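Chains: A, B, C and D, in written order; residue numbering restarts at 1 for each.
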Amino acid sequence: MKPDAYRSLGLSDKEYRDILKILGRKPTETELAMFSVEWSEHCGYPRSRKWLKLLPKTGRYKTLIGEDAGGILLGDLAIIFKMESHNHPSQVEPKQGAATGVGGIIRDIFTAGARPVALLDSLRFGPLDKAYNKYIFRGVVEGIQSYGNCVGVPTVGGDIYFDNSYTGNCLVNAMCIGIARKDKLMRARAYGPGNAIIYAGSSTGRDGIGGCSILASNEFKEGEEKRPTVQIGDPFTEKCLIEATMEAVNTGYVVGIKDMGAAGLTCCTSEMAEAGGSGMDIELQAVPRREKDMRPWELMMSESQERMLLCVRKGKEERIKKIFRKWDLNVSVIGRVTKDGMVTIRDNGEIVSRLNARSLTGAPVYDMPDKKPAYLKELNRLDLKNIPEPKDNNRILLKLLAAPSIASKAWVYEQYDHMVQTNTVLLPGSDAAVIRLKGTKKGIAATTDCNSRYCFLNPYRGAQIAVAEAARNLACSGARPAAVTDCLNFGNPEKPESFWQFKKCVEGLSDICRSFRIAVVSGNVSLYNESPRFAINPTPAIGMIGIINDVDKACRQNFKKEGDAVILLGFCLEELGASEYLLQAHNLTKGDAPRLDLKLEKAVQETAMAAIEKGLAHSAHDCSEGGLAVALAECCISGKDKMIGVNIDNLNYNMRPDALLFGESQSRIIITCDKVSVEKIRKIALGLKAPFSVIGKTGGRVLRILNGIEELVYLPLEDMREEWGGSLKRRIEG
Amino acid sequence: MLKAEINIILKNGVADPQGLTIKHALESLGHKGLGDVRIGKWIAIRLDYKDKKRAKEEVGLMCKKLLANPIIEEYHFKISEE
Amino acid sequence: MKFGIVVFPGSNCDQDCFYVAREVLGQQAGYIWHKDTDLNRFDCIVLPGGFSYGDYLRTGAIARFSPVMNSIIGFAKRGGTVIGICNGFQILLEAGLLPGVMMRNRDLHFICRHVYIKTENDQTRFTGLYNAGDILSIPIAHNEGKYYVDARGLKELRDNNRIVFRYCSVSGDTDERSNPNGALDNIAGIINKKGNILGMMPHPERSSEKALGSMGGYPIFRSIVNWVKKGKRQ
Amino acid sequence: MLKAEINIILKNGVADPQGLTIKHALESLGHKGLGDVRIGKWIAIRLDYKDKKRAKEEVGLMCKKLLANPIIEEYHFKISEE
């Protein structure tokens, strides 16, 4: 075999030698293709697997781990969820790249037998002043919109940041949540000799061949030069596939099921056989196809969308086929389960590949060298003496409110159907979304978070803060953090600096999750996120769900009533490192990530949760990008119908005004309540050792912030609303 | 006055779910003997100048830069007088 | 009474309507697969929202040829009650059961948010519990909601009081600023001559429970129930 | 084998905001001298028979019944051999 043959498939010379060893002979082109995919970072995680073992698999709730998607048990319900990246496809074809990303993550959920009930998406783009970034942003939103809305799963949340490091390599991480009766859960495995292997869904074409392995294994050489075949999403077929699969699962005749995503039939056959400890005998002629004379390896590698593989009890084939036919979907028995532990692929009876299922899934594990980047030493140094204090804080606050990473995301989420399925009780526009579980009083809160500037300057703490903020957002909605899914987006792992960032983030992630007793139930790794010029900021996107016992208590971030007391849980430190303020006002990405004290963080969150559970709090909002001032502004102006001002006249900090207003100290939550409830909340805080102070009172048409007797901010609500609310639309539609 | 008529359509090999769905609909309406059905865009642009050569160049650029994505779509256009 | 909720391939608000009929209104409800043709068991047919056939080609264009549609035409001829919501409305238009067409929203975006609509006609079996002029908060969620009909069609609608709902501001002005999608004359819902087929873009099933933030749509379903029950008593 | 190519466009007089948006986008890319821009659908249907007359009738029917909405759209098609 000529080296360029396997190299073009992303296999190294060493890997090729290993394959020869395993087989004891030369692989056929089909086999080679199968190895290249199964051993790619996308499927086999050879470079990251070792470190992922660090992540905690247990937590406060009983976990379900080991399938494509993981989850937790809640009574006799299973909540299944996962986040996955579709970065590279979205960079070359934003609309379809994002759309197929959404489709893929939804299939990961309903293959588990769970009905998809919510979507979130975590997006990262280059600055909007570059035309191409704008084009990608619009395309991605268009793609998520066109797929999610049509397939009938509400997109209830997510997060969007803009940073130059994503110019040339955007991030599109889609997350889906599903619900199943726990006795109806499905697993991706095939067993029981003689049982049928059934193909269902769209027909197979040449699209996406090698897409995942090759895309996931190489950074972009020259911008657009790399042109993989991008698929077209078909949300209509996916919707039919969801309903048909649910029906099929309910018959009780389905032994196992898996979606054909990355590497299509290859992944499916080998992984289902391996998981079931059995073999498979597949006849490719039975595979529904869209194009003439496709080669066997093309059929095995095709990533055509909206396809499922089912293992069905012998004798029940017709019963299952009938269901898929009713939904006008292709369905065909393409093989049988065997005893021999071998995955045998035939074309017209003639064997084109015959492998031990284990050899395929046993991807190699690599130890990657890592090295702390030298540049950090200098970057982490920040001397506030060299940062001039702004003359006009009002101007700075307006500028921050209009900064795309902070500004209202309504332009985006109002293009998503976030209400279909009539479960969304806390709509987008608050810290977290809450969907109810029909038939119970309970609800699920969900959010995604990750400030990659923190991770760039301090990967370990940056990753911890991502988790802390996600949990805080849930707490603000009244939910108790339950479990995490992650999407680890990094640069080229073969570069020691990049791999160091990866390693540190995973360590930070696992440490804080252990301490919070939050399990990481699923996730996804996306490496090689680099443009010709630079790598992306390390971006361990965190998707977190929480449980709220009484959805009627769910709490929004905006002020509700005039005359409410404004309480600050936690306190402000004089720290400006890594802040949005340094970037917007001084064009600096410098200093260290904010400090994080896990005890303090927990105390603050517990207090907020308790206050909301007891029905004492009218609103709760955490301080994140833009610090105290931006958080207060958002409380004033993010109400759907009416805006309410506030007078903050009881801050007495001895520090620089800009640090007090815009510093991004962690573990801070702003709560409002009736005057009469203040003492009750103070007691809760005292009991939990959470710093507590009443800092002001809601009311009026302005945001006014004093420190001592010095007035730092005085802004009419309309002006802030204008900057914050219209910013994205102005930048995009011009 | 010139008029450019541009056809933009998915490349061969790229799945066309819309086209497929339309085909099924036509069949269920009783139309027989249908092969491939593909759906694309048709864009007509009026140009208020007469220089055909310039028109060719400009329209070619429009397609490349904005109207079509070469990764999944191909385009053809013709320019005629009005 | 019994609601029959049609399920086209791609419908995605069918289960939401079913839930409201059963759990919120406490009425009977059943699904009608788009190939079924027997509607006799039902008092009211609901064409739910969603993306029948993916909205491929043109919204509602393919669904209108489903076998169930002929039965619905017959059902309506016999005076049966039919309500089309969002995609259901679009299908009714394509099927010619209601006049006009839906075009892409003015700003070429899908829009999902609460809007205000004004009850223009409270004399229908769908609006019995409203008073003319009532202002309701109710969600919309669509890409093609820009209603259009020719001048004669519009005059016909106006003259016969067939415009049932119009988009408006919180204070009730039906001006361009309160028009979310560019619909002609702010039209959000219309009814047929006979008064037994209603088509509307907003989603009453999404505003029939306090938990979901608005109750604007609830009286529509209640009105239907009352009307049907009254009919049965007589 | 025959191939039918069908054009479906909004009738004159019916506003075409999509066309307008494209026009603005093209102008912001620096293209000058643009008049009216209109966008429509282009559908290609392969027919596995040779009878052009039959093709004309069938395709005409397809357009009337399904492909175009006569209230706002008009259509033209041509049939060619392959």
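The rule is simple: contacts are C-beta pairs under 8 Å (C-beta built on N, C-alpha and C of every residue); 3 or more make two chains touch, one makes a residue touch a chain.
These numbers were taken from a predicted model, which means no experiment stands behind them.
Two chain pairs, A-B and A-C, are compared here, and A-C has more C-beta pairs in contact (counted per touch definition above). Separation between the centroids of subunit B and subunit C, computed from CA atoms only, is 35 Å. Taking each chain's centre as the mean of its C-alpha atoms, subunit A lies 41 Å from subunit D. Multi-chain contact residues of subunit B (touching two or more other chains) are listed as 17, 21-22, 25, 29, 39. Along subunit C, residues 53-54, 56-57, 62, 65 each make contact with two or more other chains.
Annotation for subunit A: residues 234, 236-237, 328 touch two or more other chains.
Under the stated contact rule, the graph of chain-to-chain touches falls outside the line, ring, star and complete shapes. Per the touch definition, subunit B reaches subunit C in the complex via residues 17-18, 21-22, 25, 28-29, 39. For subunit D in complex with subunit C, the touching residues are 14, 17-18, 21, 41, 66-67, 69, 71-72. Only residues 92-93, 96, 202, 205-207, 227, 229-234, 236-237, 290-291, 304-305, 328 of subunit A touch subunit B when the two sit together in their complex.
Residue ranges on subunit C touching subunit A, taken from their complex, read 9-10, 12-13, 15-16, 19-20, 23, 49-51, 53-56, 109-114, 139, 141, 143, 170, 203, 205-206, 209, 211-213. Residues of subunit A that touch subunit C in their complex: 145, 149-152, 234-237, 239-240, 327-328, 413-422, 424-425, 427, 436, 438, 551-552, 640-641.
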